[in-house]
Amino acid sequence: MNTIGKIFTFTGFGESHGAAIGGVIDGMPAGVKIDLEKVQHELDRRKPGQSAVTTARKESDTVEILSGLYEGMTTGCPIGFIIRNENQHSQDYGQLREAFRPSHADYTYTTKYGLRDHRGGGRSSARETATRVVAGAFARQALEQMGVTIAAYTSQVGEISVGESYKDLDLSLTESNPVRCPDPAKAEEMERLIMEVKADGDTIGGVVSCVISGLPAGVGDPVFGRLGARLADAMMSINASKGFEYGMGFAGVGSRGSEILDPFTVGEDGKIGVSANNSGGIQGGISNGADIYFRVAFKPVATLMQDITTVDCHGNEVLLKARGRHDPCVVPRAVPIVEAMAAIVILDAVLLNRAARI
Amino acid sequence: MNTIGKIFTFTGFGESHGAAIGGVIDGMPAGVKIDLEKVQHELDRRKPGQSAVTTARKESDTVEILSGLYEGMTTGCPIGFIIRNENQHSQDYGQLREAFRPSHADYTYTTKYGLRDHRGGGRSSARETATRVVAGAFARQALEQMGVTIAAYTSQVGEISVGESYKDLDLSLTESNPVRCPDPAKAEEMERLIMEVKADGDTIGGVVSCVISGLPAGVGDPVFGRLGARLADAMMSINASKGFEYGMGFAGVGSRGSEILDPFTVGEDGKIGVSANNSGGIQGGISNGADIYFRVAFKPVATLMQDITTVDCHGNEVLLKARGRHDPCVVPRAVPIVEAMAAIVILDAVLLNRAARI
Amino acid sequence: MNTIGKIFTFTGFGESHGAAIGGVIDGMPAGVKIDLEKVQHELDRRKPGQSAVTTARKESDTVEILSGLYEGMTTGCPIGFIIRNENQHSQDYGQLREAFRPSHADYTYTTKYGLRDHRGGGRSSARETATRVVAGAFARQALEQMGVTIAAYTSQVGEISVGESYKDLDLSLTESNPVRCPDPAKAEEMERLIMEVKADGDTIGGVVSCVISGLPAGVGDPVFGRLGARLADAMMSINASKGFEYGMGFAGVGSRGSEILDPFTVGEDGKIGVSANNSGGIQGGISNGADIYFRVAFKPVATLMQDITTVDCHGNEVLLKARGRHDPCVVPRAVPIVEAMAAIVILDAVLLNRAARI
Amino acid sequence: MNTIGKIFTFTGFGESHGAAIGGVIDGMPAGVKIDLEKVQHELDRRKPGQSAVTTARKESDTVEILSGLYEGMTTGCPIGFIIRNENQHSQDYGQLREAFRPSHADYTYTTKYGLRDHRGGGRSSARETATRVVAGAFARQALEQMGVTIAAYTSQVGEISVGESYKDLDLSLTESNPVRCPDPAKAEEMERLIMEVKADGDTIGGVVSCVISGLPAGVGDPVFGRLGARLADAMMSINASKGFEYGMGFAGVGSRGSEILDPFTVGEDGKIGVSANNSGGIQGGISNGADIYFRVAFKPVATLMQDITTVDCHGNEVLLKARGRHDPCVVPRAVPIVEAMAAIVILDAVLLNRAARI
């Protein structure tokens, strides 16, 4: 299953070390003026080699749009695109042909399919997330036209956490540092921690937080298309993610119901709003007009710069020497991916919602 | 969207105070001997009025199977079923016709659809989850034939938490107490807390943990059908759920990669396994043969036994008097729902997996 | 697969001799005032026993709506419904437990599923089409509000054919005779033929033609959701259908391109139309505002009132004695089914089309 | 909607005059050895410029596979591919920017999407069918491994028709002539007719027949996934198709039921078969082990080499001068497309069928 979405859909393809990765964006509404530089900009935010806290592997990740645009506008026809792979050191992976790296997908892919492209993790590599970023960049430009904005940021690396609500942060600072944390002091701490971990040949996890603003009330589809469920699905499809929560999340279970009600208010314009937002902008699976905010947990990835003893497909013990170039912490690069997946989900829900009434 | 699943699908219908709720189970493989008493037993675990910690509302929730079974066996044809609604106090809800209860779906449904069935929350009521339990009970009987078992339990109520891993618990004790916590001492504490909260006319949240055992390696579908993502989607579609995590989850972000690797082992039989399971049984979206375990956070529900001031659809302030009969803590009744949704997801993935190889 | 549609969907269940048949209509837009008598009226047009040209089997086919309506309006929530089975002579079917009737689905169901409910054909019986008629009746009421009408009629029975285009017929006469042919003279001929065939214990086929009027230009979805393809799919899902054509159809292959162009015209109001309609109202898979018309071929059904020699599941020859009560010609009762399936397809396409532009 | 299929799916993209066309094949089972020359061979059968009876436009239509293969084997991962467009005479299409050609999709696309890529018909051009041929060639190689073969041929051009059943033809002769008719005498007549029509700047329609052999009994999915319905859907999604029939088709409506029964037989090996095949290999939507055969009607396409008067988007009359290079009869080139679509449908049904029983 390499397709996500119902009306606005994305179908991706491609392995880490094949000729190219790419995909098809379908259901993109016609009449959206597309700024291709913005699309490339999102890819650049995700690409490897952009800073010292990410992998040193360098790829230009240049997207080529093959269809669905005419004179800069979407036509309603599917948008096919590719990103050529480059800078492939396939020889780095020779020893992985038969070995199963612990906590990777080598064993599970082999068990499921009977064979696998072992080079760089093949399809299980996070490389394919670059194609999602392209699809998300298209969705985002449609959403921006409707006044919907999406902003993700690094809120935790290891035990270093930005305690505040997103409301107390200046999200315009997210891109001001390589970890993409809008709290500059915490960002420095996080950066130091990542560099330490990197020096040890180790990795560290973290949390990406995300806020969706400007979405009108009434979007989302009960009961099996709830916004919360669809966002969870999309986020948990990102490599290395292990948890999702929105609104009060796990922390809310300790509260009393009377403490976490979101009272309705009536503005001077007669518009109904809420004076608290423990619900995270979603009630009954449908947006209530308040900000939607959620958090995604990313584990420390399993690709270490350390020698590892494991087993191969014959059941023999093998020693894997540390090689390749890897991310000590994937969280900073996950930020644009979280935004992209959110945009894909939200645009789909917005379009679907047009069928809610006669 | 009232359908979940790809091959094994469930489509539900019904409101809290309509004539009946029900659904269609499609893609159920032929040749499964169905024990209808087990199906009813699952419904009984979910039904209201079963203990002092749940709502006092009483409904027998008797399922009537209308198709798809012949002489006790599934035929491969769709299984239609209904559960008649009864014990409806629609007059309890008169004041809700125009009022929007805070942190409920009244406002969002009205905004989306332009009208709503306000009685008892209509479609947004958790009543519909009874139909999921029926679908799950069918899936479960198919899975049991394959050696797959699913066990959920209450692991937290308010701040009272079962600290141990599921491995250190005796899950056969789950049904021995009304909160469905396999740790009898903690269960008592939880029960006391719920009774306290109930006495205050308040509510409290909690966490349901779940373990899936016996699933062979190789099940699950990258990249948009990852087991973790599909479980997240299914769990976050349950009323009042606010968070999902599997394996090390949110807690794992503080670890180093070197601490959380799951080393492969080779058994005497030559079978590959893992000696640790931080991954939660899923790698690259595919099962690795180890137990799958996850946690779902449920908020304290918003239906309090307290008078509440809110607004109505005209923007006027209204006072809602406490009435009806409601759950002070939905977590104990969520346990069979979590199991049902897990069974639906896993059976679908197992069936889908049969197409993985030529 | 018992679901059809993408946004407006119908999921059916039920066998000929189970407790009930029924289904779930999902994606029905909110705010449609539903006349339940019209729904029942469509069922009455399909039900057995309505005239001498149909089976003598009598069933009241009363639909019970279980959800999704509130005070006579659709709420946007799924509409569950059932039709209880009655007048079942299961004992009529004892000899069919092991025998495979020629040109029926007995053998194929058994081969696929390993077992089958043999009573009355089980799920393969055309009885399930009653549930489609209910779904179609809902879709139709939504379409009527948009000015879209659908009219089917019997255009051929055996070799007796209504030669004229639908434009030369008075479709208000369709219901004036039991064969549902708007040409009264031909209707009489057809009726005589059916009675003759019936007297022989035999059956005869025919063609249902259908016209969809009032659909605006721009509806339909290239390339795998073309209106023509979706109508074909829906019509070929009806029991006993063997062919589908729209516009010029098979007859058009003998023409030259220059003979069958549909010239565009500009009305006094500046509106673009066509002065011929060989395309059948669909160009590039999308409606062009002209009438959509198509034809569906129904074979003579295989249930004869004659003794038949065939084989059973053990490979033994068996003699099946003529019994039961069957239709000598299914075409008159197929007319409301064709209309229902057309309504289901068109409403779905109309709703989907709302996502075509930003 | 640019995706077809449920488990084995194809998602296409691309316009006539964009950078490239292409697509993603998903759900391809792992472990199929792929002969890429066979894939290219299928494309060559479809490509323009291959003979005097097709368009003189020349394109090499070289497919580039970008993913999903490893060392010549399918890996279970999605297969992305592109075919670069070349030999584009965009200037040929300047006059079509605002004009609506009669019986083309210019008007309907513009009405639906508000704008269109007018060059060469954009997405509505049959050029996109090349991508389906690639997907079909992959499906075919999987099916061949299972003993399933698919053979289509031209059975009618204009009024010249191959009267015989496919059983009386030597289908190995199909590729021996440019019209792809296995009856050499008729092929010559057809070729002459096409050359005549071409000389007139006109076009002519025809029929493609297709036979699927070797498919075991039990494949296909009632009630909304019937093989006949899915084939109809797939065939009616091909440009210029106007009709579909299988088995006895439209001609069968004139028969009596007693004349068209397909008697079951028991072979010496105890295997059940049929001694006649009016059903066309499908009963109750499921294969019965006999050959599946069907026919697809193609209209004479609307692109003439004649000047045409029509209207533009402003409602003004315009004269379109004959230009470009077009097919006088698309039927010969439709043969490989019909085969490809059949392969896509059948492989999907075969894979889906694996979930039929526990």
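By written order: A, B, C and D. Residues from 1 in each chain.
Operating definition for what follows: contacts are C-beta pairs under 8 Å (C-beta built on N, C-alpha and C of every residue); 3 or more make two chains touch, one makes a residue touch a chain.
Predicted model, so just to flag it, every value in this text is computed and none were measured.
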Problem - Number of hops, chain B to chain D, where each hop joins two touching chains - result: 1
Practice task
Quick one: point me to the chain whose Cα centre is farthest from that of chain C.
Solution key: A
Fill in the blank from the handout: Between the Cα centroids of chain A and chain C the separation in whole angstrom comes to 45
Fill in the blank from the handout: Taking each chain's centre as the mean of its CA atoms, chain A sits from chain B at a distance in Å of 26
Exercise for the section: Would you kindly tell me how far, in whole Å, the mean C-alpha position of chain D lies from that of chain A? Expected result: 39
Fill in the blank from the handout: Going by residue number, chain A touches two or more other chains at 1-3, 6, 12, 27, 30-31, 76-77, 109, 112-114, 123, 222, 352, 356-357
Exercise for the section: Specify the contact topology among the chains shown, as one of line, ring, star, complete or other. Expected result: complete
Fill in the blank from the handout: Per the touch rule above, chain B residues touching chain A in the complex are 1-4, 6, 12, 100, 102-105, 107-109, 111-114, 123-124, 128, 156-159, 197, 200, 202-207, 217-226, 228-237, 241-250, 252-266, 270, 272, 274, 278-280, 282-289, 297-304, 306, 308-311, 315, 317, 352-353, 356-357
Fill in the blank from the handout: Listed in rising order, the residues of chain D that touch chain A in the complex are 1-3, 9, 11-15, 18-24, 26-27, 30-31, 64-68, 70, 73, 75-80, 82, 109, 112-117, 122-123
Completion exercise
The chain A residues in contact with chain C across the complex are 6-8, 27, 29-32, 74, 76-77, 142, 145-146, 222, 351-352, 354-358
